[in-house]
Amino acid sequence: MSRRIFVGVFEDEADVIAAADASRAQGFAIVDAFTPYAVHGLDRAMGLKPSWLPWACFGLGAAGLAFATWFQFWTTAVAWPINVGGRPWNSLPAFVPVMFELMVLCAGVGVVVTFVIARRLGPWRAPEIPDLRATHDRFVLVLDGGASDPRAVRRVFADCRAVAIEERDVEDRR
Amino acid sequence: MNGRIVTIVLLVGTALAGTLLATRIGAVRIPGNHQGYEPAQPIAFSHRLHAGELQVQCLYCHSGAEKSRHAGIPAAGTCMNCHRVVTTAFGAVRAEDDLAKKENRKPNLLVSTELRKLYDALAVSPAGMLPIAGREPVPIAWTKIHNVPDFVYFDHRGHVASGVTCQQCHGPVETMERVRQMETLSMGWCVNCHRQVNQIGVAGKTVYASIDCVTCHY
Amino acid sequence: MSEHAVSLRAPLITGDKSIAQVTDDVCAPMEGRPTALWWGAFIVAFAVMLLGVAAVSYQIATGIGTWGVNRTVGWAFDITNFVFWIGIGHAGTLISAILFLLRQRWRTSVNRAAEAMTIFAVICAAIFPLIHMGRPWFAYWVLPLPNTRGSLWVNFRSPLLWDVFAIGTYFTISVVFWYVGLLPDLATVRDRIKEGARRRIFAFFSLGWNGSYRTWHHYEAVYLLLAALGTALVVSVHSIVSMDFATSLVPGWHTTIFPPYFVAGAIFSGMAMVLTLMIIARKTMRLENYITIRHVEIMAKLVLTTGSIVGLAYATEFFIAAYSNNPYEQFVFINRAFGPFAWAYWIMVSCNVIAPQLFWFKRVRTNLAAVFVLSLFVNVGMWFERFVLIVTSLHRDYLPSSWADYAPTSVELATLAGSFGLFFTCFLLFCRFLPVIAISEVKAVVAHDRRTFGGGR
Amino acid sequence: MGTPAGAGDRMDPVMPKHDEKHYWKSLEERDGAIDPAALPEFLAVPSGADWRTTRRGFLVAAGFGLAGTALSSCSRAPVERAIPFLLQPEAVTPGRASFYASTCAGCSAGCGLIVKSRDGRPIKLEGNPDHPVSRGGLCAVGQASILGLYDSQRLDAPTREGRRTSWDEADRAILSSLAEIRQQRRPVRFLTSTITSPTTRATIDAFLASFADARHVTYDSLSASAVLDAHERTHGARLLPRYRFDRAEVIVGVDADFLGTWISPVEYTAGYRSGRTLGDALARMSFHAQIESRMSLTGAKADLRVVLAPAQYGLLMAHLADRVARLAGANSPFELLAAPPVAPALVDTLAERLWHAREKSLVVCGSNEVGLQVLCNAINHTLGAYGGTIDLDRPSFQQQGSDRQIEELLGDLSKGSVAALLVAGVNPVYELPGGEALAQHLKKVPLVISFSSHLDETSSLARFVCPDRHYLESWADAEPVAGALCVTQPVIGPIGGTRQLIESLAAWSGAPKPAYELLRESWMTRVYPRRLADQPFEAFWDRAVHDGFVEVAANAPAGRTFAAAAASVPAAAPAAAGTLALVLYPKVAMLDGRGALNPWLHELPDPITKTTWDNYACLSPAAASALHVAEGDIVRIEVGGGSGPSSAIELPACLQPGQHDGVVAVALGYGRMGTERFAKVGPRWLEARPTVGDDGRVGKNAAPLASLSDGALRYSGAPVRVVKTGRRRDLAVTQSHHYIAVPAHLAPAGGARRPIVQETTLPAYVKDPAAGSHGHHEAKEDLWPSDHSYPGRRWKMVIDLTACTGCSACVIACQVENNVPVVGRDEVRRHREMHWMRIDRYYADRADGGVDVIQQPMLCQHCENASCETVCPVLATVHSEEGLNQQVYNRCVGTRYCANNCPYKVRRFNWFDYPREDRLQHLVLNPDVVVRSRGVMEKCSMCVQRIQDAKVEAKRQGLPLSDGAVQTACQQSCPAKAITFGDANDPESRVARLLKDPRHFRVLEELNVKPSVGYLTLIRNRAEGEGGGATGHE
């Protein structure tokens, strides 16, 4: 089944922010916005919650740290204790560097992978992009046309100096 | 559409590869591990017969194991201790005797093909075991089965002295027609045994088996 | 707050660029044919790299003996080059990560190139620990892999092993950070191309990026996190590298000040290398409006600061030795300054400590030619710092009976040259095929400038 | 025995094979070979198809790849054959070493040997502890002599006119020409070096007896002829007394390097050391003064060293004789004497010390001037040394050469009157001055037969070469000291078709017999009658062969009483202006050149100069600066007019502290024919430089600079001109900084001299046995928990610096035992020598301008807190539970981090795969030690292979491991017994006792690495605080 969306194309970040604000005020459902760079303030305008990725990062880091700690202790003091230069079986201070590095590695790589998966990015994904110039110099706001009245939407976009406004039917992927 | 065909073809291929792997799974091993090595020997000597049926002690032939780091392969002379008189299977001799009695003639000397190789090596004639003039004895080139790398120094003495049985490392040789490497002979295999015996001892008595590097590497 | 501070200044990006122009300008070098200059540089770099490859193959086939090292001086060029390149590798992550956290918006013009430089430098660095082994074909033994040796693992007490993890992590995170930064720009480039293999390649690597703001929203978070981790790494990696020496008992190596001293030195050398490259890049790739004199000046200031820190470290070493009254320690430092390798020591001091002091003068900081030359001096000086540290400490340690001298062989020289060849080969390819400036970030800056200073609509 | 030896190799699976590395590589290659095979499928798939398929494609590829790899891993390693004996010999158990007593023929000293034979191959020579002469020690030359056995360039058949021939043909030809000479009654001369073998001497005599005019001429290229001649004068018998250093309390050596190279160094060292034993119950410390012009090993050890020009020895000894005579109350042999060349007080001290210890004091003189030796005898007589420290009743036969005889012979040869010349054991064309002339004269001799085992300067001129056997292939005997009969037995079947000298002679005397029978018969008739205890011959013989020696009655000319010969002061010729006095000396390793074909000996650093692979012109630093010569500058040494090549050689200069400023010293024994072989020694790579010189040989022959006139072969004193040539040749030195103090301009305040060696004087020691100690830095507090205790055995080593002379026997012993490769001159020059055991030689300047020498053996210290271990990333070097620092070659990846971090710099890295050119020499490799491949670190293992063997053997016999059951190679060979090794946890062990000795200290103890190797303070017998010694003033 297909559904209807409104696509508004703007030339300046200020306009798209205004449009987003107005749309929220009007109660239009904002599907998404497409911008060439991370426009500051648009998140507030769209009413997005802060990202949850830092938590994922923290968890992964902790896991890495725990593994490194256990593994080093196990190999040197449990699996095969070998007298290396008279150092104690469990030379914890010597393990710190590797502990730290593995923590950072897991946290860093982990969070990126999580991000890629969470945002459904992937090497073979065809970009679903409403206007090719969205990665160049245009700012695009997409509204869900389900409930709202087309004329009202057009008016809001026009007020915010949209350079192009169109209605489209797209495959519903939900 | 065309993609689908390719997909099917490749699925089949994968299945094929899978089965192939499954059949050879037993053979998957780290390079250098020759477990199961079972080469043919210049003389088809049967440990099953000698060590198994006839109960010849291992150390009777491999006497080096007691006093040297190498168990050693017996000199042809050692074989002659018995094979001076035994030239072929007992059954064959018995049959020949009966036959001879029937045909009332002197039973003639039977020599098994394998033992002939031994006599040839020593350049002696089976009849009377006298050296054959103008024939040079040629040593027998056996194929080593239990090889460890050159940087490993294994010493039989210590193991025999502390009561480790030959079978523990060489497997049930007395049941083997042709000898076969039973264990991996990998470092882990050695070390783990050394660790183990320090806990449970060997044949009841407590032993100490070092796992220092220099126990084997120097 | 920092935005406010910046806003008082002149715009970072000159030439009153529109967002659209940014894309066009940055993508221009990628889309046009390579210039004769580029080809010339590339051929030279590639040839030198091949020379290095030859030298290394010969050494691996024949033995470490093809180097000048001996029973007393076990390390020389190999580890010197290693530490040198690791040091170079620091600027990228520093600029991207630390300056990002510090909201230094000027970084946007240089961070992409700096990060790329980091990655190539780390690649060059990573080669040396590998080839300095007597039996490189067993290099994988330094990794804790399951094995049939009664599970004989690795020696986690060895600083060399810490290096393996430090370098590995640093490399991985740097690559990831760089790639994440590239994502939006790859998409931009992708959408500028209509058809063909290049489009498919960019499509592949841009992971279907579509500028969705919801993605941007998480993207910002990830970038921030990576910056934070990267910052920690910048500090940790060279600290750990320094422990190769600091945790030994070789007089001259066994010093507590090494970690901070090394980190400062690394940033110092890294910045110098960035300067060297940027000054060339802005000329050859007509990016004057993006890499402005102001950028250069800021970096010059950084070089001055870190250079002074390094100078202080040199002094401190001497002081510690003198004050500790440990005869072995004292001797090593006297020997450094006046012994057989004094020449190397004084090259180091004049290049790393004295030369950068010229940056106190704005006239020098803002004079491109001067900055370029000085940055070269620093690069040379920092290489000699490592050489002095390693060779002069080793060649005369505890027992006078085993004192020995050291002289590099042709093979070592070729290997060093080769590493530069590799570095520049990679960098030239990067300039040719990827946006050397973070387009999306610069756009943000441009937009910001326009808001603050207005500008023709 | 030849075949079993061969069989043994193949029998032995742990015999180090050189293709070890290749074996592993081939595995790598095989794995590598599979993946590419799999790749094409992988790459083929994506083309055309879209991405969805490629992932599966990858799976398929991976699947096949994996399967392929798996299959490939099933393939076998190269098949190894095991070839047992056909008939097992009684004595040989494969893999088990057997030991045979024998006698060393490295020189004529006749030290006792225990030959270690493995699977029929002799692989190591050790000293025989019970031997009456050597008492268990064995010098470097002796240790190395085993390599000569496996020298593939030995002649393996007789040659005639340089072409190889059969023994029968050679015998026929020789017999016919001998018969001719016999009936023409023409003169025959048999030229040999000292022969201590009664059997051989008898055989030669018997052979010569059949000729009308035949004489056996003996000479020694390192001649002590003057000693014998002097005794002929003073005691009426031409014999060499046996010097009993063990009995001496005061020793004055004049130019006699008796610890290094003079007559019988091992015997003398053992005696000398037993006279300098501290610590335990009997504490004896002899006083040793050395008067010499160059720095010799003996001088380096002396308590008092007087540096004097060779020309002044006579005057000094005259003064000594004079003083001693006065003290004895006799009237001086001299009316008036020129002023002594040294401070008169010094002469007085020496004389008084000698007199004070009369009958226990000894003066030895190494000069070859009869006059000096007569003086020496006079002094010794006055001191009552004869019968005490000098034994004439059981004299030594270790040197019998007569310079007068050889001089006569050379005369005859130049006249061309000699019809047949048989040469055995000597190489006169090379060794004697005027070799070229001799070479010409030899051409005039109709029949020249050489018994040399190589083609050397002389044998290459001989009509027949009948190669003698290596002594390890021979049956022989020796009587180095009257009454001590030693047996040499073969330990391997002859390699190549050689024939023993006595066999050849027997054949030519018409009674061909194998050496074994000749020997037994000779013993039956000559030795058996002299037996001390009555026993049947068989028992007597077997005992002798088993022990390697037997003590019998000495039937030497009984030492006569002293008849004062006219002792005259040899005239000291004033040195002409601008000339230096030439001193030719033998090196510890090279001696007269008999070691010149042995790479081990070439690479053995000279104990004093630490230089390898060359001889050089030693100049004192002052003399060098006067000539504007720096180390390595090539100088031209001209004798007389400097005309003619024979009287001038060019050598690199070597600065030698402690040498007389008026002297240039050059080592003999270099530049020998046959050293061309060393062109191939060492790794070959881009910047490698050859080991041999421009003339293709190692070093230059200095013998032509010596002189043979009026009955004396003179090595020293000749005035020479030394000219700088302007060319350079860096010497391959293993030690580039020679002083224990750091360079003055780099020295931190107070830290100039490093506390590496603790030394003190005897009086200080008597007061406080711990004197000279720098204080012990035992760490009280430890940062780490004490996780590591050593409940079982704890191997430790203690080295007595007072006993160690630096003779370097241990270095070679270690090299042989542990398969240490030879790396060649260029590698040594680059500081890449591989010796596990090195001897650090330090100079220390003294207030009075003299220089002290310190010898410190340095090997892996097996630290408890080893700094090398912590830094190895792959656990290739870790600690054993018996306290050993283990180096696991096969785990090493070669980062060299451990070597950098070793404060003692005792780790050695395999920079290359070191070529062993002579395949035959693989047979000398010790099968119990891995031959290390390229790229791995190695170092002293405390002969862990011996430890393991002893442990297993003890376990096998169910006995405890007794103290001394394990001896390291260095310890075993040490003639001075300076090294003690054992289990420190056994309170009864010798090492445990020495660890408690107050003299015990450890090098760099302050680093708290806790070494397992300790040292005992170096003690010099000097007045407290006094540097001792003096320098002669012109």
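By letter and in written order, the chains are A, B, C and D; residue numbering begins at 1 in each of them.
Here, contacts are C-beta pairs under 8 Å (C-beta built on N, C-alpha and C of every residue); 3 or more make two chains touch, one makes a residue touch a chain.
Because the structure is a prediction, the values reported are computed rather than measured.
Student: Just to be sure I understand: going only through chains that touch, what's the smallest number of steps from subunit A to subunit B?
Tutor: Steps on the shortest route: 2.
Student: Which chain maximises the distance between its CA centroid and that of subunit B?
Tutor: Greatest centre separation from subunit B goes to chain A.
Student: Select the chain whose centre, defined as the mean of its C-alpha atoms, is least distant from the mean of all protein C-alpha atoms.
Tutor: Smallest centre-to-centre distance to the global C-alpha mean: chain D.
Student: Have a look at A-D versus B-C and report the one with more C-beta pairs in contact.
Tutor: Answer by contact count: A-D.
Student: Indicate the whole-number Å distance between the mean C-alpha point of subunit B and the mean C-alpha point of subunit C.
Tutor: It comes to 60 Å between the two C-alpha centres.
Student: Determine the centre-to-centre distance between subunit A and subunit D, using the mean Cα coordinates as centres, and give it in whole Å.
Tutor: A distance of 78 Å separates the two centres.
Student: Taking the mean of the C-alpha atoms as each chain's centre, how many Å separate subunit A from subunit C?
Tutor: Taking the average C-alpha coordinate of subunit A and of subunit C, the gap between them is 29 Å.
Student: Using CA atom averages as chain centres, what separation in Å is found between subunit B and subunit D?
Tutor: 47
Student: Pull out every residue in subunit C that's touching 2 or more other chains.
Tutor: Expected reply: 150-155, 157, 161.
Student: Can you pull out the residues of subunit D that are in contact with at least two other chains?
Tutor: Where subunit D meets two or more other chains at a single residue, that happens at 52, 867, 870, 872, 875, 878, 880-881, 891.
Student: For subunit B, jot down the residues that touch at least 2 other chains.
Tutor: Each of 30, 33, 211 in subunit B touches at least two other chains.
Student: How is the touch graph of the chains shaped: line, ring, star, complete or other?
Tutor: Shape = other; not a path, cycle, star or full graph.
Student: Would you tell me which residues of subunit C are touching subunit D in their complex?
Tutor: For subunit C paired with subunit D, touching residues are 58, 62-66, 68-72, 74-75, 129, 132-139, 141-142, 152-155, 157-161, 164, 244, 247-250, 327-328, 330-331, 334-335, 338-339, 394, 396-405, 409-411.
Student: Inside the complex, what are the residues of subunit B that reach subunit C?
Tutor: Checking each residue of subunit B against subunit C gives 30, 33, 184, 186-192, 195, 211.
Student: Okay, in this complex, where on subunit A does subunit C touch?
Tutor: So the residues of subunit A in touch with subunit C come to 13-14, 32-40, 42-43, 46, 48, 50-51, 53-54, 57, 71-72, 75-76, 79-80, 84-85, 87, 91, 94-95, 97-98, 100-102, 104-105, 107-109, 111-112, 115-116, 118-129, 132-137, 140.
Student: Across the complex, what residues on subunit D touch subunit B?
Tutor: 7, 11-17, 20, 23, 27, 30-31, 45, 49-50, 52-53, 56-57, 59-60, 63-64, 66-67, 70-71, 73-74, 76-77, 79-88, 93-96, 878, 880-882, 884, 886, 888-891, 928-930, 941, 944-945, 947-948, 951-953, 955-956, 958
Student: In their complex, what parts of subunit C are in touch with subunit B?
Tutor: 147-152
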